[in-house]
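The first chain written gets the first letter, and so on, giving A, B, C and D; residue counts start at 1 in each chain.
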Amino acid sequence: MGMVGGGRGAFIGSVHRMAAALDGEINLVCGAFSSNPKKSKLSGKDLLIPANRVYNSYQEMILAEKQLPEGERMDFVSIVTPNHVHFGPAKMALENGFHVVCDKPLCFNMKEAKVLQKLVKKTGLLFALTHNYTGYPMVKQAKMMIKNKAIGKIRKVVVEYPQGWLSTRLESSNQKQAAWRTDPKKSGIAGAMGDIGTHAENLAEYITGLKIKRLCADLNTFVKGRKLDDDGNVLLQFDNGAKGILFATQIAAGEENNLRIRIYGEKGGLDWSQQTPNSLIVRHLDKPMEIMRAGVGKQYAETQNAMRIPAGHPEGYLEAFANIYKNFARSLTAHLQGKKPKAVDLDFPTVADGVRGMQFIEKVVASSKSNSKWMTVDG
Amino acid sequence: MGMVGGGRGAFIGSVHRMAAALDGEINLVCGAFSSNPKKSKLSGKDLLIPANRVYNSYQEMILAEKQLPEGERMDFVSIVTPNHVHFGPAKMALENGFHVVCDKPLCFNMKEAKVLQKLVKKTGLLFALTHNYTGYPMVKQAKMMIKNKAIGKIRKVVVEYPQGWLSTRLESSNQKQAAWRTDPKKSGIAGAMGDIGTHAENLAEYITGLKIKRLCADLNTFVKGRKLDDDGNVLLQFDNGAKGILFATQIAAGEENNLRIRIYGEKGGLDWSQQTPNSLIVRHLDKPMEIMRAGVGKQYAETQNAMRIPAGHPEGYLEAFANIYKNFARSLTAHLQGKKPKAVDLDFPTVADGVRGMQFIEKVVASSKSNSKWMTVDG
Amino acid sequence: MGMVGGGRGAFIGSVHRMAAALDGEINLVCGAFSSNPKKSKLSGKDLLIPANRVYNSYQEMILAEKQLPEGERMDFVSIVTPNHVHFGPAKMALENGFHVVCDKPLCFNMKEAKVLQKLVKKTGLLFALTHNYTGYPMVKQAKMMIKNKAIGKIRKVVVEYPQGWLSTRLESSNQKQAAWRTDPKKSGIAGAMGDIGTHAENLAEYITGLKIKRLCADLNTFVKGRKLDDDGNVLLQFDNGAKGILFATQIAAGEENNLRIRIYGEKGGLDWSQQTPNSLIVRHLDKPMEIMRAGVGKQYAETQNAMRIPAGHPEGYLEAFANIYKNFARSLTAHLQGKKPKAVDLDFPTVADGVRGMQFIEKVVASSKSNSKWMTVDG
Amino acid sequence: MGMVGGGRGAFIGSVHRMAAALDGEINLVCGAFSSNPKKSKLSGKDLLIPANRVYNSYQEMILAEKQLPEGERMDFVSIVTPNHVHFGPAKMALENGFHVVCDKPLCFNMKEAKVLQKLVKKTGLLFALTHNYTGYPMVKQAKMMIKNKAIGKIRKVVVEYPQGWLSTRLESSNQKQAAWRTDPKKSGIAGAMGDIGTHAENLAEYITGLKIKRLCADLNTFVKGRKLDDDGNVLLQFDNGAKGILFATQIAAGEENNLRIRIYGEKGGLDWSQQTPNSLIVRHLDKPMEIMRAGVGKQYAETQNAMRIPAGHPEGYLEAFANIYKNFARSLTAHLQGKKPKAVDLDFPTVADGVRGMQFIEKVVASSKSNSKWMTVDG
C-alpha cells in the first residue's frame, strides 16, 4: 500500500493506517503524505518508511513505484486527502495500473465520478471507497436479514447523522478538519451533506438494497459566515415505493457521530446506531423486540466475516473500517493470483457507491434551491 | 364533572376518569356515556353514578344538569368521544355555561375550530384540550429551560411519533379503536397525522415556544384499502428561522408510542422520549451530556408542580394526563371563587392549541397533495 | 378507608391516598392523620373529610367508627405511619374487626409480627402489606414466567436497591423522612436494611417463589454519628440451592431508587429495574435477548390485571402501588359479599410477607455481628 | 515480539497479534505457536513468519533467539497459552534476558508468582500482564477522577463479571476454550474466579487505587460434573475501610462479558460497563448525572493517551488490549535506548498485579471452604 495524504496532523490518515494494519495482511510501503514535500518526508520518517519511498507528490509516487519490479512495488494506492485531491490521484493511479482505496466522497461532481467509473470498468482494477459504516457486523446482519425477508417489504426508512462539532464557527479558529470541510474549493458544493449526508445515503442503500428514486431537500447554513450547508433535512422516496427521511447536521449541539438507521417493513423493524454498534434492535409485529448482539446466536456468514472476536468483546469504528481493507486485501490477493475473489470478500463499497454519492450530493443541492417538491435521482 | 362518551369498551374514557380521580379534586357526577342509551345506562351503573344522572345523550345531559342548582350540577363537561363527536357537545356545553375538557384533536376542521375559539372567548369559560404529553414533568422542565435560554437560540427540531399498531388492516377485524380512527367520517381528513401527528406538533410548539410557519408534507397510506394516511413525513420551518422534521406513523412495525423530541440550539440540545418520560437528556457544546431526572437537583416550579412523588419513583402516562385535569381543576376552582387562576395552574392546553392542531391537519393534507415545496401555516 | 397517619408534610400518606383513589373503588371516609390532634384536624380539612370523622388518635378512630352502622363506617384501616406506629393500630384494628392495609416493614420485631399473624389468622380479616414493587406488571410477568419454567431451575439471584439520599447526615438538618428512618426508636433495629433491604428481599422471594434459607451479612454505617446501618451487603442461599447477592444502601451517592433484580436459571435470565419498570429483559442461552414491554405480545393474565392502559403508555410507581389497593379492594368486596376472592385479586403482599421481612431484618443484623459465615433464616 | 502459543484455533493469540499490530510499533518476528511442532509450523506459515523462526517449543525459541544479534532477535516474549503454560516460559524468558508480556492470570499459585516477581525485580526487565480491561480510556478516566478526588473518599465498590457461556457443560463437547478453563490441571485451583474474577479484582484495585484487605467468598459449581467453580459471590473490605461486592459467574445464562464496576464515594459515584465502554456514568449528590463519553470535553492525559480517534468513533476491546501493547512497546523502546520510560507509558499491569491476582484466587478459594466470615488478603 502506498498512501496519498495522511501526513502529520491529519485525522483520517492514521485511521486508514490502523485499519490496514489490524489484520496483518497489508503493509504500508510508500507514500506521498503531504503536498508539502518536507512534511511528507517527516511523516514518512515517523512511519518508518524508507526515505527513498517517501515521495514529494502523488504523481512522483505513482510514476516511481511503477518502475519498481512487481512484488516490490506498492499493489494499491490509498487516497486519504481532502475531497479536492481524490480525483487526481485516483485517476492517475488507475491509468497506471494501480488498484485504489479512496476516502469518500468519491470526487467533486458527477462528471469526475463518471470518468473514474469508466476507468475502473476499462482497467478491471479494484476500487474501494471507504464508506466505513457499512463495515460494522450488525450492519451486515441487518442487510442480510432484509435480503432474506426478515421484516417483509420495506415501507419506511429513517436515517440520520447528527453531529455537533460545527455548532460554532470552528473553521475560523484554524482547525484543519473544519477548515477544509467548510471550504467549497476543497469540499465541493456541499458541506454536511457531502461529508456525512453521503454516509447516511450510502448506509440506507446498502442495508435496504433499495435505491433513492426521488428526494425533497432543505439545506441550511446556521452558522453565520459559513459558505456551505451545515444542516439538511431530506424527504426520500425509494424505488420500491418506500418512503423515508434523511437528515444530516453538524450543528446538533452536543452530538458526536450519532448515525442511526431505522427501517420498517411489513413484518418488523430494524434499528441500528453507530454509537452502540454491536447491537441491532429487531422489532416485531406482535412479539417482544430483540436486541441482537454481534456474535450472539446464529448469524449470517457475512456478519461473522466482519467480526474478529467472539460475542461480548465490543468492536468499534476501527474494526469496521478495517473490514473494508480486509475484504479489499483478500479480493486483491485473489485478483493478483488470477482468481475470482470470493463473494464475501467483495463486500466493500466501490466506485459505483461513489457515483451514487455524487448523484445524491448534486440532487440535494439542486432540490434545496428548487420550489418544486420532488427531484428525481437518476441512475 | 359530567362525561360525554367513555362507555364500556372505550379506551380513553377510563384514562380520563383515572386522571380526574388521581388527585381527589374532581368527582364524576353524571354522564352520557354512549350514543346508545342502554349502553350509557350500563356504563353509568358500572361507575356507581346515580341512575337519574346517567343520560341518554349529551344534549339531554347538558339541559338537565343546567336545571340543577349551582353546586349540585356538574361544573364542567369532559368530552372523550371519537373526533366527530367533539364539536357538538363542546359547542352546546359552552353555550349553556359549562366549562369544557375535550379530547384532541379539537374538531373536524378550521371552521368548527374557529366557532369554538370564539365561543370560549365570548363566554370566558375554561377550555382544556387533552394534549396529555405536555403534562409530563420533564416536558415542562424542557420548556422552562428553553424559555430561560439554557440552550440558546433554537436551530433544529426533530419530533417523531412512531407507532406500529396499524401495520396491518386492523380496522377490518372489528377493532373499535382502529375502526373509527381510519374512518374519514369519524376521524376527519387525516389519519395518523390527526391522531398522533397533532400530538407531535403540539409538543414541539409547547416546548419550544415557537410556531410552525411553513411545512412540506408527504403523507402515505401503506396498508391497502385504508382510507386515510397511516404515515407521514414533514419538513418544518419555525417562526424564528429554525428548521425541523416531524414524522408520525402507525405502520412502524413493533413500535409502541415512541414519541420523541430533540431540540438543538446554539448552546446545547434537549432530548425527551415518552417511553422514558422521567429523564431529559441535556447535551452541551463542550461538556458531558447530562441525564436530568424528574426531581433530581434544582428544577423549575412548573416541573415540580407536575410531580406527585420525589425522585426515583417513576411517574407515567396517567400522571401526565392527570396534570391537565389537576391544573384545570385548580384554575376552575379559582374561577368559581371569582379569583384569577395562578399562572402555574393555567399550564394546560386550550382551545388555541386545538385551533393550531386543526390548522396543522389542514395544511399537511394540502401540502401532501401539492407539487410545491412549502405551504404556509397561518395564525 | 380510614387512614392512620399521612398528615400534612408526610410523603407516603399521599401516595397511599392517590393509589387508593386511582381506580375509583375506594373512598377515604375518615382518618387520624397525625398524633398531633390539631394537625390531624387540619389535614382532614385539606382532604375534605367531614370534621366529625377526623379523629385525634387511631384509638379514637377505631372505637368511634365501630359504633357507626355497617355500610357507613370505614371498611378498613390504612396505616401509613413510621414503623413504630404500625403494630399498635394494626393490632387494635384487627381486634375490632377492621381489615388492614399497612405500610412496610410490618412492625418492630418477630414477636410483634407473630402476634399480628396470629390475629389475622384468628379473625379471618384481610391484611395487605404495601410492598409496592410487587405491584408492577412486569414483576408479575417475571413471577409467572418463572412459575411456568421459562428460565428453568433458578441458580443465581442478584437483587439490589441503591439509594443515595442519605449520603450526608440529612437527619441532622431536620428532614422528617431522614429523621425517623435513622432513629432506632422509630425505625427499629435496622436502617437501610429495614427500609429498603426488605423491599429487595420481598421482591426476590415474590418473583422467584423461593425462600432465603441462609444468609451472610455485612452491614455498615458510613455517615458519622448515624445510629443505624446505611449500607449492607448480603450473600444469600435459597431453599432450592440457588445462591445470590442482596445489597441495599442509602449512601450510593447520586442513585435514586435503583431497585433491580436479576435472576439466572438453567435456560435463561430475567432482569428488571424499577427505574424502567415497563420493560423486562429476557436473556436466553443461544438467542438474542428480548426486551419484553408491558402489554406487548401475549402476556399472563396476572400481568394484564396489573395494567390499566395498553402498551406504549408508561405506568409508574403510583399505578403499581394502586394495584395493591385495587386487588385488596376487590378481595374485600368479595369478602364483604360472603364470596371467595378471586385468585388474581388475592395477589397482594400479606402479613406473612411482613413476618418474612421481620425475620430478614433480625437475621441480617445478627449475621452482621457474627464471625460465622452463614446464618439460618427460619420459617 | 516472539509468541508462545496462539496457534491455529486459539482465541486469545490472534487478539494479542491484532493488539500488537494496531499501532504499527511492534512486529511479530518469531514464535512457538503450539506445543505440537507441526501445528506450530503451520501456524507460523499462516502468519507469514520465516520458517527458521518458527520453533518447536518455547524453550527452543528462547535459546535460539538469544543467539541472534541484538536488533535482530526478538525483543520480548508474548505468552498467550493456557494458564499452566505461563510460568515456564515467563521464567525462562526472564532468565535469558527477554522482556515479557503474559496473559492473565500470572501463573498457578503464589509460590510461582513470587518467583516471577523476584526475577523481574532482579533482572530489571519489563513485564506486562494483559489485564486488558484496564486499557479502556474511560477506565483510565475513572481512575484519574478518583485520584483527583472527584467523588471523595470511596465507601462502596460493586464489581461484577457475569458471563453465560458455561451455563451448560460445554467442556464435554470438545470446545477448546471451555475444556482447559474447567480443567484444574490447566486452569489452576479456580475456574470462573481465576478466569474472570481476577479481571474484576484487578479492575477494582486499578480504578480505585485501593487494595482488597479482607474478603468473604462463596464459590459454587452449578453445572454437574464440572470440577471447578463456575460462579462466585464475594464480600469485600478495602484498605481504606470501603466495603464492596464482587461477583463473577459463567452460568449467568444469556450474559456475554458484562463486566461492570460501580464506585460510590462521599461526593458522587462512577459507573462503567465493558459493553458500553466509551461511556462513563458520573453521579453527583445533588446534580443530574452525566454521561461522560470518550473524547468529549476536557479529559485527563491518561485518558487521551488511550484513545486513537476523536469522540464519536467507538473504540472497543481490541483497542483497549492494544493500549497495553502500545504502552509496553513505548516503555520498552525507552528502556532499550537507556532512557526512563514516561509515566504515561508505564501505565500497564505488571507482575505485581499478577501477584495480587494469585493472592485473590488463593484467598477466595480458601474463604469459600471456611466457616469463618472474613479472610485476610495479605500484601
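Just so it is clear, a contact is a pair of C-beta atoms (placed from the backbone, for glycine too) under 8 Å apart; a residue touches a chain by one contact, two chains touch by 3 or more.
None of the values given here were measured: they were computed from a predicted structure.
Visitor: Can you tell me which chain lies farthest from chain D, using the average of the Cα atoms as each chain's centre?
Guide: That would be chain B.
Visitor: Looking only at C-beta pairs that count as contacts, which pair of chains has more of them, B-C or A-C?
Guide: Between B-C and A-C, the larger count of C-beta pairs in contact belongs to B-C.
Visitor: So, what's the distance in Å between the C-alpha centres of chain C and chain A?
Guide: 55
Visitor: What whole-Å value do you get for the distance between chain C and chain D if each is reduced to the mean of its CA atoms?
Guide: Whole-Å distance between the two chain centres: 43.
Visitor: Compute the distance, rounded to whole Å, between the mean C-alpha positions of chain B and chain C.
Guide: Centres of chain B and chain C (C-alpha means) sit 35 Å apart.
Visitor: Provide the list of chain A residues touching at least two other chains, using ranges where the numbers run on.
Guide: In chain A, 255, 289, 293, 296 touch at least two other chains.
Visitor: Where on chain B does chain D make contact in their complex?
Guide: Touching chain D: residues 282, 286-293, 296-298 of chain B.
Visitor: Within the complex, which stretch of chain D touches chain C?
Guide: Against chain C, chain D makes touches at 151, 155-156, 158, 160, 162, 164, 167-168, 216, 218, 220, 222, 231, 233, 235, 237, 243-245, 247, 249, 251-255, 262, 264-269, 282-285, 289, 370-374.
Visitor: Flag every residue of chain C that touches chain B in the complex, lowest number first.
Guide: It comes out as residues 11, 14-15, 17-18, 21-24, 28, 47-48, 163, 256-258, 274-278, 293, 295-296, 308-319.
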